[in-house]
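One chain, chain A, links the two complexes that follow: it is found with chain B in the first and with chain C in the second.
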Partner chain A sequence: MATTTPVPTETECPPIDFGELKSNCVAPRPSIMGQKRGLRSILWLSFKGIVRGLLTTLSYFRRPSTVVTQQYPENRDTLEMFERYRGRLSLIHNEEGEHGCTACQICERLCPNASIIITKDKKNEATGKPALDQFIWRQDTCTFCNICVLVCPFDTLEMTGDFESSVFDRRLLVFNLNEYAGPTAGQLDKLEDDELAKAQMKPMNKYQGPVPMCGGEMDGIPKLDVEKPTDA
Partner chain B sequence: MTVEVSSLKELVEQASGDDRSPDTQEYFVNMGPQHPSTHGVLRLVLKLDGERVLRCIPVLGYIHRSIEKISEHMNYMNCVHLTDRMDYLSSIMNNWAVSKAVEEAAGIEVNSRIQYIRTIFAELERIQSHQLWWGVLGMDLGAFTPFLYGIRDREVLNDVMEETVGARLTMNYVLPGGLMADIHPNFVHRVKEFIKYFRPKLDEYDDLLTNNVIIQERLRNVGILSPQTAVQYGATGPVLRGSGVAFDLRKDHPYGVYDQADFEVPVGTIGDSWDRYWVRVEEMRQSLNIVEQLLDNIPPGDFLVKKLNSKIKIPEGRYYSQLETARGVLGVFIASDKKDEPYRLHYRSPNFNNLWCLEPMIKGDYIASLIGAMSSLDLVIPDIDR
Partner chain C sequence: MADALLNPLSLTLSVQTSEAFAAPAMSLADRASRALESGVWGAVMYIVIGLVAVLTAVSVLGLVMSYIERKVAGHFQCRLGPMRVGPHGVLQSLADGIKLLFKEGIEPGDGDKVIFIGAPIFSITATILLLAIVPLAPGIQVVDMNVGVVYIAAVSGLGVMGILMGGWSSNNKWSLLGAMRAGAQMISYEVSLTIALLVVVLFSGTLKVSEIIESQQQGWWIWRGHGVAIVAFCLYVIASTAELNRTPFDLPEGESELTGGYHTEYSGLRFSFFFLAEFANLFVFSALAVTFFFGGWLPFHVGNYEGFNSVMDLLPPVISPIFWFGSKCATLIFILMWFRWTFPRLRMDQLMRLEWKVLLPIGFANLILAATVVLSGLYFFPSAT
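And now, the complex of A and B:
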């Protein structure tokens, strides 16, 4: 087989009328070898081009602090994320540790990838209204799209700046967000009896209850001790 | 015009047939899917004669996530966040494309504040996309330093956008009927600071790469794409403009508030990689101009004209809408059957068409040139497969 050197050929087609397209500027196209130049001028310009590039890097080499953007693991203590940063999802709890979620399930319905699962107590015995049982968030499938935060009619969700969420077992990425199972802060305030209100707040652990995959046994994978979460 | 269809297997068998001649043999080599310079999981099957590329057949499908199919089961607000994952370097423009299509189809009018903010963000995003491209181009050609400089400046810009949006890559900021949040109070001030910071840095870019004779010679007269071929293959964006066809939706069919900004569209002359390089570098300058002009005139108003969890229903029919992302024309086609979910959603993604220009560009050239030419196309693979 003879080795031929194929030359790039233009596909044969009649010239195309591109219509009245508005071109305003032609990008400059200066290059050293592209123009007619003597050998001396080419050598000089090439030398200059390369040396100027080296001088640029050298100038930064002398003052490295101007090019450093973040020293991440070192500045961990002082690092502040922007207030709108979308990291871990959290259910807002007030100072008394009460949340505002009425278990209306709007966020569950509008989450694009079913990362939120809400189980509820249909009728709380004290308030007579539905109360949140578990707010399960699947961090492993969440795309941090922020839609749940936006659609919640009671503004009880927020995205925190917490972005260090690596764990050694993916089962740990599915957990409860609520700290107790029970009615909202507002409903609890309406109850006259403080004791009764306290009794409605059943403490909820991060990995408590039938959380899907929560440290459970899988084929060939032993059960995980989720009482001591390893994400500390 | 005849279209020849042949499977990959046939092609390979043809080439490795009975060949006992003492001459060099043509052979096939896989480039990718894990090749670092294909910027993702793109597989190129190269038919080589020595070091010359005789054919270059892109093989797709390694990062297909069926975004279009998933969208058929989602309401329009949720469809938007998947477009972040197509061309992740122009995520806001992708969001905008879907939102624009939905707004036009459902007859939602957005106010001019929303249009201003969208336009400004689209231009900022174009700059950061080109910054990354510039760095990666240097790295593909064997110069690692530009990559660090490109990333350094992109970091500054990313911080500016992150303050308002809350995310750095998958932004999901534009929604049908508005924006996810209003701009941060610091935004205007910080963008101005960025413009002041970045203008001189562009000259530094020139010192590092543009004026370097080695880079020039690796790009000049490499991968020539004639305007006819570019149009035939449906190339858009800087690839098309590099070939000398002045087609930019921002000028030709203005959307957003581009008609209120005064800017120029850089166009190349002969369509080699060097032209595409210049077009993109020049586009960064023009984008800075656009942002500068619009920044002070953001009118007051709401950032969302439609209540968020209200269902958006589109009348029965087919709708098409398009806009210019950092890589070309992104078209959104919606077929609706009156529900709040699309019956069919199709994206005409710019990278898909740009990719096929690789073969006419590189036929007969060396493998080393292929790297430079591919880098000048600025492909984002997830956008090709979707």
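And now, the complex of A and C:
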């Protein structure tokens, strides 16, 4: 009769850690093939397998609540994207609107498609350190490989669930991601003078936040309403 | 019956005689025989009307069944199926049909043009011929010949010709492989299919489809023939799934290895012919299973228990056959769809092994057992036949 393989212990087979996902060792299912079994045992196992398969699909069929299809344009308002979905790249800003990017350019160098271009201020007048000027991300060439998010030593990038990015001109897919040009949240906190810190966060031009770099200035394309007040 | 088994030749010949069309009531088949006897024009009229009716049935069946199949498949796989065209996508197959009509029919340059064009027509002709013998309600049957079962066995094997022709003439290795698989598979499973049907022929003692149904007045063969009929029914379901090229036996078109199998090179209307034939065949094979094992349009009867039988007969005579035949047929179609969307595909050698080493011996043993059961009268209500 069927001899079941014992479940390996944790030390024999430690769980593999994939960040949020953990894979635990499971005992391999007794296979019908390659084992010495009686005919009756094989028939019984096959029958059980067939019935189990049929019942599984039937249970999906009976319960419409198991349907995973999203009726997208209709449920646009209530649509919740999945946590690990890779949509638009975003530079994380905290509640005060401060980002954490030190303009170290690691992501720029590691991006396989050169989809990130970072310009920086070599020496910020207040902190004396390099500060981010513009974080430019080209969605038109990005493959959403997630490398930039993984390599950033300051965990300041993330992939959002925002997937509605169809446009009539691919130049609209070049974005500026940072809200202001200036030092990181940590460096700003270290400054004694609050006024000075505020001054560092002044908007630099109209391209701030997730804004297309070509916003609103092309023929045939209606003006984007994402323009923010300039302070030039 | 004994005559029929001993002398099949005389049976085949007697199709020509008027006796072949004799039926107890004034049925459609009756009228057909009158029309045939009344002269050439009557026969032509009847053939034309019959063809139009069957063709309409094939197209309507194709439209309805493809929609149902997609809906059922969706829900089996946690999806919704078609949802966009019309409420819950009911017009989807219509839209697809119109789309296919307007598509270009591409022919492969190095292919064999004549056979390539002929293949889908051949395929759908086989379906039409098969649909002609399906009894839908008392008298509603285009032809009712006295060698019906032989006819079914012959014509259902014809469909494979269309597939072989399509695969050969496409001059494409995937098509050819798919067609060769189809040939091997359909010819093999044809044997089991016929053996399963022969069990019911033994029970009812006739080859005529309408008489097979009449013989089930006392109860359907599936339960009157107890074990033997149930085994035969299981064989029939497995073999007809293979005959229909549906998963788990869909190797001829196995899309993961052969793109589209024998219809890889087909497009537009020609593809839709294959498609229609496939779905109409699904209906035909379910309808035949209903006819042979579940009493066709007959309600559920138990022997001579008048009280029970009269409860079953409560439906008015017009609705009753529609209800009984429709519900039985729908259940069987659903089961075939259920199989399709549950099981993984077999490998070619497994497929052949299943037929020749498992199903065929079981089928023969079952046939011999059935003969014993019939001779000794060990089935329920033997006096009825």
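The rule is short, and it goes like this: the second predicted complex is superposed on the first by the 134 of 232 C-alpha atoms of A that agree within 3 Å, B and C clash if a C-alpha of one lies under 4 Å from a C-alpha of the other, contacts with A are read in each partner's own complex, and residues count from 1 in each chain.
Methods note: a contact is a pair of C-beta atoms (placed from the backbone, for glycine too) under 8 Å apart; a residue touches a chain by one contact, two chains touch by 3 or more.
From a predicted model like this one, the values you see are computed outputs, not experimental measurements.
Contacts of A:53 after superposition: both chain B and chain C are touched. When both complexes are overlaid on chain A, the residue A:86 reaches chain B alone and has no touch with chain C. In the superposition on chain A, no contact is made by A:38 with either chain B or chain C. Of the two partner chains, chain B is the only one that A:146 touches; chain C does not reach it.
Contacts of A:73 after superposition: neither chain B nor chain C is touched. Once the two complexes are laid over each other on the shared chain, residue contacts for A:61 go to chain C alone; chain B is not touched.
For chain A, the partner with contacts to more residues, out of chain B and chain C, is B. Common to the chain B-facing and chain C-facing surfaces of chain A are residues 50, 53, 56-57, 67, 69.
For chain A in complex with chain B, the touching residues are 1-3, 5-8, 10-11, 13, 15-16, 18, 21-29, 31-34, 45-46, 48-50, 52-53, 55-57, 67, 69-70, 82, 84-86, 106, 110, 112, 143-147, 150-151, 159. For chain C in complex with chain A, the residues that touch the partner chain are 72, 74-80, 83, 338-339, 341-343.
Across the complex, chain B meets chain A through its residues 19, 21, 23-26, 49-50, 52, 54, 74-75, 77-78, 81-82, 145, 148-149, 152, 155-156, 159, 162-167, 170, 172, 180-181, 184, 204, 207-209, 211-214, 216-217, 220, 224, 226-229, 231-232, 245-247, 251-252, 263-269, 274-275, 278-279, 281-282, 308-309, 360-361, 363-365. Interface of chain A with chain C (complex): residues 50, 53-54, 56-58, 60-61, 64, 66-69, 71.
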